[in-house]
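What follows is a pair of complexes built around chain A, which joins chain B in one and chain C in the other.
Right, the complex of A and B next:
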């Protein structure tokens, strides 16, 4: 059978070149503005909008107050933290001095920099691992029918019901048996298992990858692995970003698990390290630790805020599952 | 040996629904076969079983004599065009078309050459770097076809590829599909619910209803000699006029009128004195003295005109006679489905297609002329054609 040798039909008119990124963003912004009617046309009673806005503002203030407190008080000396008004600055302005102290081994218990590096390690490796597992598992549950799939999925989700404090002691004993205590894998491995991530990815695959696409790929001769890597994965990216962010943030902020696993100071993440400082500061008041605690809090949240801000176009779309155009 | 051979193909879903019941079909090499029928008749299920995307409950699918029931779609050497195109959204047109070739590790130069040839054949050469999101519906359809033809398969499957296009584009693409089929020369199974597509495109047409094959014949045969009531009503637009009638001696008793049957009465001998269902196509009714094949025909039918639709090229005359209509209820009885709805609304009305010059107005009483040889008769219990 030879390749088709037909005269091509009349050519359709050539379209203009595809738009640049800036043009696309501008067009999207304008389209969004066109898609909503102004609030005046919602048909609400007078004062509703003001009332709701006030509530939202108050709620926002409530949430942001601790963050503001941290920012402001990281600039104060220990005495001023306790004595001056919490939500405004006081002299002397000690920000840079405290910041420098952060990286010295003040207490003999370990430095902030070690803890920070540990946190980054656990979060990145655990987060990426969680994303990989959630992607594979979510795709498998969504696209394949196998015996027991519903049961397995139910068991995984049921894991969400169990609070970690309940399993703390059994977890410790089990991990001790396999020498995972005081090992970084004792922290990373549990972080790679996320029922929420699995559920998110399964739902995302169901909504975003039409069955016809996998059918077409099978008919085109692709193996299942090929279909996953070449066809499904690129389409799963927004969902993957969401799971990545949630896993990284979850591991970054995790306190209980490292508390159980680690007794060696040099392996602590920042959460446990700060807890340690807190304890010492409570016991012996003249270590000048409080400014350090506040400062470390500030420094720790910055990477997370930056990450969420940078990747917001993904997690916004990802959490709104199914609103991603295909 | 036929290129595609379906024997007793049956599909029962795990919910108990029997989507396909004992389908026997064969497609010769290079033949274009259309599977047509209303929604839910099992045509898409049959196609997916041929593709390997659906498990087979009973029966066999064979390609050139080789049974492929247990062969995965990857290894069946079929190409499929989906209703929703199923293009890979993150790949360009060239990559979409070439995907199957990439999977078979065909060297890049060969692959690019074949992609370019296929794209040229379909008028896609300027669009090779675009993504599907930036294409129109017709262009996407052509990319889907390009993806199928570049593989030079032995079996071509198409699942209602034109149903997502607007009417004008559909007509254009119909000839495009046929042009491609002639060039490729592979056996093709084409699924559609549109009987016009079936009649214009198919070498042979298989009509399905409720998972059961009603008739498998050339379009001409389906039109001239429908095997049962369903095929008679399904093929031809406007639909055939069907009435409950009875046979008395050599005449058809249609309400208060009698139509002399002449030669047609031999096949009806077993039905003397019994009820039958009589059908006449709208185009087989003519006005006295008018041009057209029914103009000088022997028998006459008196009817009251209800409505006249002038199309410019012809007139559609909605008329009533006093014989009970057989369309919806007989259909339902014969196939056990309740597809009344619009059919019931036009219960006693028939349709005639007349020449544009015919003089006819609403509330007229007209005499139609018809050729008794063009009447169709069906058994009132089974719906089968009486021959």
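Right, the complex of A and C next:
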């Protein structure tokens, strides 16, 4: 195709190409400083800042209490989890012993490490699939009008109101007919349906990709697919990251669907496995399931917290998208 | 528009015969673009139809049948629905989740708005750090947070109870029948405040700065700036959050199911509608009745959403 090379995107905030990490940090800090109106201007009394900071600290303690509890108690024996004070350590130090037990099937319910691998598989494949479908669909609804486009979009929006848990039971019935019970696809494919993701992507395309840009490319003779991949997609990255993170987290946290469709414990995600453990822990005799539950809780939350912390820059702006288009 | 005005790279103009009763002539260009648009949305629509529309349709279909030991599966009209509508247990569950949402959502949004405002104004130290900390629970699966809170609130051994008994409240049982719902409200506030606060914070950030500066120059007191200027400007975000949280609250399932393992027997089989649906259709195998319950709950949720939407539109007309 001999289309003349396209001008780069109509200059969204120009950024020096070779900006190092440190320079970026510095620029962001300066931008942030300029964006905030200095506190003195509000005419606050002295001590207000201290009082409000104290409020923030108290709420942070409330948020961190369970996390601290899990970290501390992952080092304890079952007896100590119950007998010793919850917010301090107690010997013996059992962390590594309990951690090793995550790779064993302790009481016949299944092995944590298997569940963890399953969870990663379901969330990554489901999340990536959801993002791809939402990106294509969102772009399609934002930039094209075709017969039925309004109706289709309306149906998708109505889907926002349909609780996912309500779809789980009928899915189970349908799966029984088509042999998708105890199949990983029975878990992954429904995880790819994100009306929210599609809605976010459509809003994102409308707000951040100038129509003139795609139209110009079209007049220059670029095919629709080429326009999508070469022009739209690079501009959609922040929106894509938001949808990806939200759908990965959604699948990672999903409980009711896998609970219903899996009866084979080698297919469980961690949520279902841990739920089963907590059901059995009370009457499991001397198998000591409680330390395992605490340890698996710790191991389950670390990857997600790390992922969200690392990718903060990308998702922060994206979460709001849903509300600006109205 | 002429047929050939905008046809860059000589497309196949073999337009398939569309429906004969076309109301207006679409140019070949428009048709071709329409086909591209359709191609973009098809993958999503296929999966969406298979895994959302079809199951819902199947649930509605199933809900019209009844399986009996003698006679097998028969069409029974609305028999299942009248069973659901007359089931006191089911509606008690619905009322319970409405009470749950009715308390949890306003309290949580108030706390979230409070902190979002603090972060936005920059009137507390270390705002960025607190924002990151408050968001942590969003990354914790609800099963895991329910398990953690179960340990913390455990009536016999939990650290909170020890603190309470140190202050003289002996035998304070967070997970007793009376306190189960308030405890779950606290857990839900723990789980969702950060997420809501971040969204409100982002919304507050987009309030134009000159508006606030003008207000400051007029000597408007800070509380007025917050409640009279900022709050109305972030109303779309608040409405979206009310929606999302309401739909979530109506589906309360994981927290009570997990907490029941710490305090057996408090959470009955019909405690919330989704627990009811789960036990009816999966544990008891009465799919058709469960499907009818699912449809009724969906209708309740949609009715609440539409009602609040109508309320919003009316407010907008007069205000």
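Odds and ends about this structure:
Heads up, the rule we're going with is that the second predicted complex is superposed on the first by the 274 of 326 C-alpha atoms of A that agree within 3 Å, B and C clash if a C-alpha of one lies under 4 Å from a C-alpha of the other, contacts with A are read in each partner's own complex, and residues count from 1 in each chain.
What we mean here is this: contacts are C-beta pairs under 8 Å (C-beta built on N, C-alpha and C of every residue); 3 or more make two chains touch, one makes a residue touch a chain.
What you see is a predicted model; the values in this text were computed from it and never measured.
Looking at the shared chain after the overlay, A:212 reaches chain B, while chain C stays out of its contact range. In the superposition on chain A, A:256 contacts chain C only, with no contact to chain B.
When the shared chain is aligned, no partner comes close enough to touch A:187: not chain B, not chain C.
Once the two complexes are laid over each other on the shared chain, residue contacts for A:220 go to chain B and to chain C alike.
Contact with neither chain B nor chain C is seen for A:267 once the two complexes are overlaid on the shared chain. Contact with chain C, but none with chain B, is seen for A:86 once the two complexes are overlaid on the shared chain.
When both complexes are overlaid on chain A, the residue A:228 reaches chain C alone and has no touch with chain B.
By the touch criterion stated above, A:102 is placed in contact with neither chain B nor chain C. Put simply, more of the residues of chain A are touched by C, taking chain B and chain C as the two choices. The contact surfaces that chain B and chain C form on chain A in the two complexes overlap at residues 1, 218-221, 223, 326.
The part of chain A that touches chain B in the complex is made up of residues 1, 3-6, 8-12, 14-15, 18, 210, 212-213, 215-223, 226, 231, 234-235, 325-326.
Every residue of chain B that touches chain A in the complex is listed here, in rising order: 51-53, 72-76, 78-80, 82, 84, 86, 88-90, 99-100, 103-104, 114, 117-118, 120-123, 125-126, 130, 133-134, 139, 147, 149, 151-152, 154, 176, 179-180, 183-186. The residues of chain C lying in touch with chain A in their complex are 6, 8-9, 33-41, 43-45, 47-48, 50-56, 58-59, 62, 111, 114-115, 118, 121-127, 130, 132-145, 147-152, 156-159, 162, 190, 193-195, 198-199, 202-203, 205-206, 209, 212-213, 216, 221-222, 225, 236-237, 239-240, 247, 250-251, 253-254, 257-258, 261, 264, 274, 277-278, 281-282, 287, 290-291, 294, 297-298, 301-302, 305. For chain A in complex with chain C, the residues that touch the partner chain are 1, 35-37, 39, 41-44, 48-49, 52-53, 55-56, 59-60, 62-67, 69-70, 73, 81-83, 85-87, 132-134, 136-137, 139-141, 143-147, 149, 152, 155-156, 159, 161-167, 169-174, 189-190, 192-193, 195, 198, 218-221, 223-224, 228, 249, 252-253, 255-256, 260, 270-271, 274-275, 278-279, 281-282, 293-294, 297, 300-301, 304-305, 307-309, 312, 316-317, 319-320, 322-324, 326.
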